[in-house]
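You will see subunit A twice below: alongside subunit B first, and alongside subunit C after that.
Now for the complex of A and B:
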């Protein structure tokens, strides 16, 4: 296991690499790339919102800022702070480096929890074959290293956008649920939903995690081997944490709304905030190009169909929530990964920051997904698309020899890749469960 | 899974069966595809179509030219003025600029003088693909001698709204003016003065008399940069134009009449629809006056084909000029090419005799000429370096060409020159009148094309076929290699299921390619470092190209050695088949990316890269084929590995063209420096796609 020996040096190297690149962030001009910064997460817009607020206007005046007022309080003062002859958002970039580190550590903690339960479950199922089957890699280390060294994460960290914070909140929710720290889980979930709305569907995996505990082989397998009370104890849905979670969610939501309303006092208030943040996400007002598929569609669609298609596109995500929840009920963490991937594909303002999150969560299941098909194809596809997208953008915007279709084609290819990734990983996971069952039958 | 496979394979859909068929016969398919690709490439001159003016609004030649003999007389007078000023007061660049400015003002144009600072093009990392140069200009411009001054005149269109303009550029050397430059200034002046009188003008006319003391491109590029960047009156670290005049002039009474401040503020005339760079050249005589069109801008970008079309149409059908585009002369005399052309001619005759309906009509001479022109067109696009000052316009999405006009007589023959000026003036007037009719920007015709003659082109839809055929085998072979190793592995794992050694074979299953991917990644990292090294090497003082080249190659080798030593334990346990398939995947991604950035580079690169990638296999590995093909394969492999090494291929190319005694170690350094300073993506291709691919191929060849 090369991972464990090299783990900490690699982590420090990743952080040092980021710090090394931070002074050149302005030269790289990542903050204006549509792949990196979306209207929701762009730090430039946040600085604009902060400036508006300083001049006693509502930060939502015009159509510049669409983020949370809490981010404005935390990050706003940092955007105006300038150190001599340094790039504009140096302080924010340093904070994002820290945030990335925390996220990686949380992912590692989640992975360790998962491995522990996996080990216990295997012990319960087949104590004799324990050593042989548990010969995989250290998935926790791999996942956190993937998060730290993924070029997408590095670009997001340097690109002056707030996606690292969104990602941290999502990971915080999953971690809290995994380790049964209910207030933390509720806090992560509420904040993530408040920042970018789509993590709202993660309530199902969080509840499952709180109710059943972390990922396990299907519950059907357990009674076969252990009909005594020991085995069945694992899979009883516990209502206690759920009620606690609901309580904490109410508390945290009230708290967040209260803070927001305090910070927006004197302006239009909470309703305006909800309209300008959540409404902005749901109605896809900003049609500037990004790597998603919605902007192109809504730029083309007739105005009177707009409402209908808005519903169709958003229901698309909700449509998949229930079937997947039923099928993958025994693997809530994996379910969370699938939800995040699906929403990253279909959300209104996607960026590579979302991809950074779900790719590292994919690393958590390295042992289960060892037999995944098309892995090489997907790898090449991701590299190809991420290189092709800036080139097509250049061709369209700067050279004028291409057009919007060129850029949209890469967005479409990217969506296809994500779909293939979801389909393949889910089917591999189900196959893995089947194989486990077969092995158990044999013995 | 294993039990389910046979029925699933039988029932699978057509596309899956087709795919598996292609993959299973990959060797055959790749040979067919490569040969077909090369043949298509060779046939491109035959497939060329005649050009046509696509935009209806242009209406070239529908109006009678107004450019008359009176204008020619005016032009001649102006030429004489300029030339005498230049001869009399040598070294007084400002004098000519002032003279031009004065004449511009006399015809009623708004005049200002654009000053620019000459900055040597230099190595700078992170400067590729940035359309807006972000480097701040150091504003210590006290020395006027470093500045070039180009007078600019703008005629406001009587029927326009000042939001669109057409640009006319005449480069001239202010320090040492030649007669041909004076003639081009005179020509532009006469057209300019005519345009100041016409009523039909709907777009403003900008005449830039570019001071080409430091190169034509520099002055035009810096003017365009200033034109497109906002200037504020507050950032006046710069000096007024009058100071430059003061320094160079001694005539106090003249200076008092010269109000510098009025000529100092930058005037604009809206977006530019098109730009014409006009140069008069003194070339070898032919029976007709001649126009040479240069169109290639940076990174293989071309202006809209309609611009070339109207110039060609007006020059040939209205003014009776001879139009030429760049051609490789040495290919015109190539015996091999003539032979191929004759064979093609015979083949098409045969085909026509078989079926009278076919009218292919391939002419041997046309084929040779088309090939020579196509090769030149492809070469200059692939180089990615603009062929003239028009290249600066394309970076701002403005269509521009350079017209080099050369008279049939000598430049001192007054009669010949007068008729030449009349024709050229009418040509320029006609082109401007056509562009003036344009409602939007040029968009109707092609941007991606090769020229095979002034009136023949190959569009992207046709030339893409050759490239696609060449590149298509890459993914197929990668898939074939990948699936074959996967099958082999699953067979071996089934056969010996016992845990032989306790050493953890970390990733099983489909993630096996990760080991090879690590190596490929490391090699690309090395290539990235190597590609950035010239920046540091160029910082070393007192070097010539040979020492720079040597230090570059030595430092690259050192880094390679360090990288391999450091990661020795990390990169092992890969199969060469998997390594080859990962390498091929990387190469095909690189090639297809490059085909979008600069098609010609990808096309030229793929001719070398694709056979090398496809054929490579370890020399020590025995093959199950007869001895002769096996030996041939080995020899070809070694040959390609030598030829495809970038410095070696450059040396061979140079040796073939200029004789082998002219080869120098520093050649490659000079070449890459040339590419780098012009921000050519070809440099990136060579360094980041070609070089790592070549290294991996050599690695596989030496694998045991």
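Now for the complex of A and C:
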């Protein structure tokens, strides 16, 4: 509530700041930073893929472009539009600013839904203590402002990479699921999985959101309060939205595959696309440095063991899906946040665009995570890593006075920070639930 | 190829008239075949698919400037007509461009008007200076290198290659002088060519020699598929064209000068024939007789375009669908016997195949997807309708 007065001015200021920096995008040259533009999201590769398509070759020839053909259709012609004395990807940057704005609005809407549900649940749980439950900050505004003002987001927006669109699709899926708009959730999930593979694990939080509704305190707290036979159990899993979701997923995926196959001229093209996009992500073909941990490892692993370690790394993410789902079943939005953070740490080609997304989703739970430990350490750590990582990269590549270990050290530190963030936020959330249980037991 | 013949059989039975025509043509071809295979072994069935050039200048010292200029002029011509550096082996025995006696440093001219700097853009010399020896030339030709020799110094031709071998320098009766210290003899060259033929390192070879008594150098050749032309016969000298008073030495030889005059009028797509090239040499202007030998070469010279050796034009099949591999080899083979109009009939027969209906339907869909030239517009409409559907469904569900 306190931030509402300054909310809209800050939003417009953030957009104006981006628009101010857009003409200087060439000087900043963020598209060449490995932390910003990965082989999957780089806009230069998209321009190359578009040119190949215009020369009636497959856009995937030569292992330059590894994204979706739909992005080629939307963004391809814009990469070619050139205006005098303006940076190369001006039109695309303007579109990304718009996309950022939509994402921020959607995050705010998600936050408002969460707060509303929270209020309702607390009213059900402790009707006498209404005043206490309204303490704290307006998480929705905070989260969307974090998204707009986060330096990572600004850098991603200006850095000629397609991460803003990936983030928009993920947030669209979560918003659709929160508001029980099934076609929207299915569309967001299908598109997010199509663009980059990892949001596929978000199917579990989306299903839980559609079935149970947004985040709520643990279900075992509720029956205690309804012992007088109110009859209205809050935590019931409804199967209707799930079936609708399955139907819409099938519709959207068929649509997407059909459009891709028409765009790539035939089913061979579709198979080629799957090999070059999914295959590229899963087999980690490109070992150029990025802010993740896979490239360093796979540069030195022997060919014989490569398959084994690929399975290990990818299953590392999958192993965490089930236990977290079981433990955080009552808080699907938070589960989505945890999944996004884990996949941002362990995916094949991470970038700061993923960090931008989960840091803003962190803001949605500002009230519950108020007592998170190590928050100052994490804050300083993020600033330190984002300052040191380009320095180490420069030392290694351009000056030659460093080596790969310098850069990988910052990557490792970044992975450590993200792990600490996940662990601490999960434990703080569980502590919050425990405290709630204790409070309710007292009354 | 076995599968092709298997697939051809059932469809011939369904079309009696075209099968009769085919049989008639086969009979015609079988009567022609013996005349083709008179003295020369079986007609080569491989397709010509790449061109190589080995350009050798064997003379050292400043006063042999013209031999460098000859070789570099031919290098430029061959590159201009399309052969890339990867398929040219350029051997220059001395460095005239950076010679201390060159008043135009880093420039080599082949004409006193200095219009063309042959050393200008992008000259890649593979064997330079003292690396140009008889042994290295024979190793390049036969492909018998030590394992440490890099790929750029190897002649990586195969059985579909046409090779141009151009040699210039000082020569005599049955020999060519290398570096003023050793000689390549005509039987060595013939032996190397024989080894090349046995190892299938070329489909056709054109040897062009610009030295004194050049024709004697290829007198011992007896491998099929070799065409050779020399600037002078036995007992004749080959002369330089003109002296450049600025540089101080002769800058080009007559034979090469008139060869270049022929090629400067051409571009990559010209189909001037080898016959016209060979007949363009005027003995009065050359002051020697340009003697060529075509007894080992079975195609008539008027049908062979010069770009078969000097350029790099190949049969390209334009397709809008980048994923379908069209196997063209059998088609070409049959067109030699039947002519192009019959090829289309055989194609149609191949398409009308009896396969299960699912495959037919998939093929139909595939063809429809492939034929669409405006697929981008369709995808844009599809995308727009997807967004529309999303908005409508969201509005209805909300």
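Quick note on the criterion: the second predicted complex is superposed on the first by the 433 of 443 C-alpha atoms of A that agree within 3 Å, B and C clash if a C-alpha of one lies under 4 Å from a C-alpha of the other, contacts with A are read in each partner's own complex, and residues count from 1 in each chain.
Everything below uses one rule, namely that a contact is a pair of C-beta atoms (placed from the backbone, for glycine too) under 8 Å apart; a residue touches a chain by one contact, two chains touch by 3 or more.
Computed from a predicted model, the values in this text were never measured in an experiment.
Enquirer: Will subunit C clash with subunit B on subunit A after the two structures are superposed, or do they fit?
Expert: After superposition on subunit A, which the two structures share, subunit B sits beside subunit C with no clash.
Enquirer: Taking the superposition as given, does A:380 touch the first partner, subunit B, the second, subunit C, both, or neither?
Expert: A:380: touches subunit B, not subunit C.
Enquirer: Touching A:57, do we find subunit B (first), subunit C (second), both, or neither?
Expert: Second partner only.
Enquirer: May I ask you to decide whether A:9 touches subunit B, subunit C, both, or neither, giving the answer as first, second, both or neither?
Expert: neither
Enquirer: With both complexes superposed on chain A, which partner does A:323 reach: first (subunit B), second (subunit C), both or neither?
Expert: Touch status of A:323: no partner.
Enquirer: Mind working out whether A:137 is in touch with subunit B, subunit C, both or neither, as first, second, both or neither?
Expert: A:137 sits against subunit B, while subunit C stays out of touch.
Enquirer: At the CA centre of subunit A, how far apart in angle are the CA centres of subunit B and subunit C, to the nearest 10 degrees?
Expert: In the superposed model, the angle at subunit A is 70 degrees.
Enquirer: Which partner chains sit in contact with A:388 here, subunit B, subunit C, both or neither? Use first/second/both/neither.
Expert: A:388 contacts subunit B only, not subunit C.
Enquirer: Please give the least Cα distance, whole angstrom, that subunit B and subunit C reach in the superposed model.
Expert: Minimum C-alpha separation, subunit B to subunit C, in the superposed model is 6 Å.
Enquirer: Which stretch or stretches of subunit C touch subunit A in the complex?
Expert: Interface residues on subunit C, with respect to subunit A: 320-324, 362, 365-366, 369-370, 372, 375-376, 378-380, 382-383, 386, 389-390, 393-394, 397-398.
Enquirer: Of all residues in subunit A, which touch subunit B in the complex?
Expert: 1-2, 24, 27-29, 132, 135, 137, 366, 370-376, 379-380, 383-384, 387-388, 391-392, 394-395, 398-401
Enquirer: Could you pull out which subunit B residues touch subunit A in their complex?
Expert: 126, 129-131, 134, 301, 397, 447-448, 482, 499, 504, 506-511, 513, 517, 570, 581-582, 585, 589, 592-593, 596-597
Enquirer: Going by the contact rule at the top, pick out the subunit A residues touching subunit C in the complex.
Expert: Those in contact with subunit C are residues 56-58, 61, 69-70, 73-74, 176, 179-184, 187, 248, 252, 255, 258-259, 261-263, 265-269, 272.
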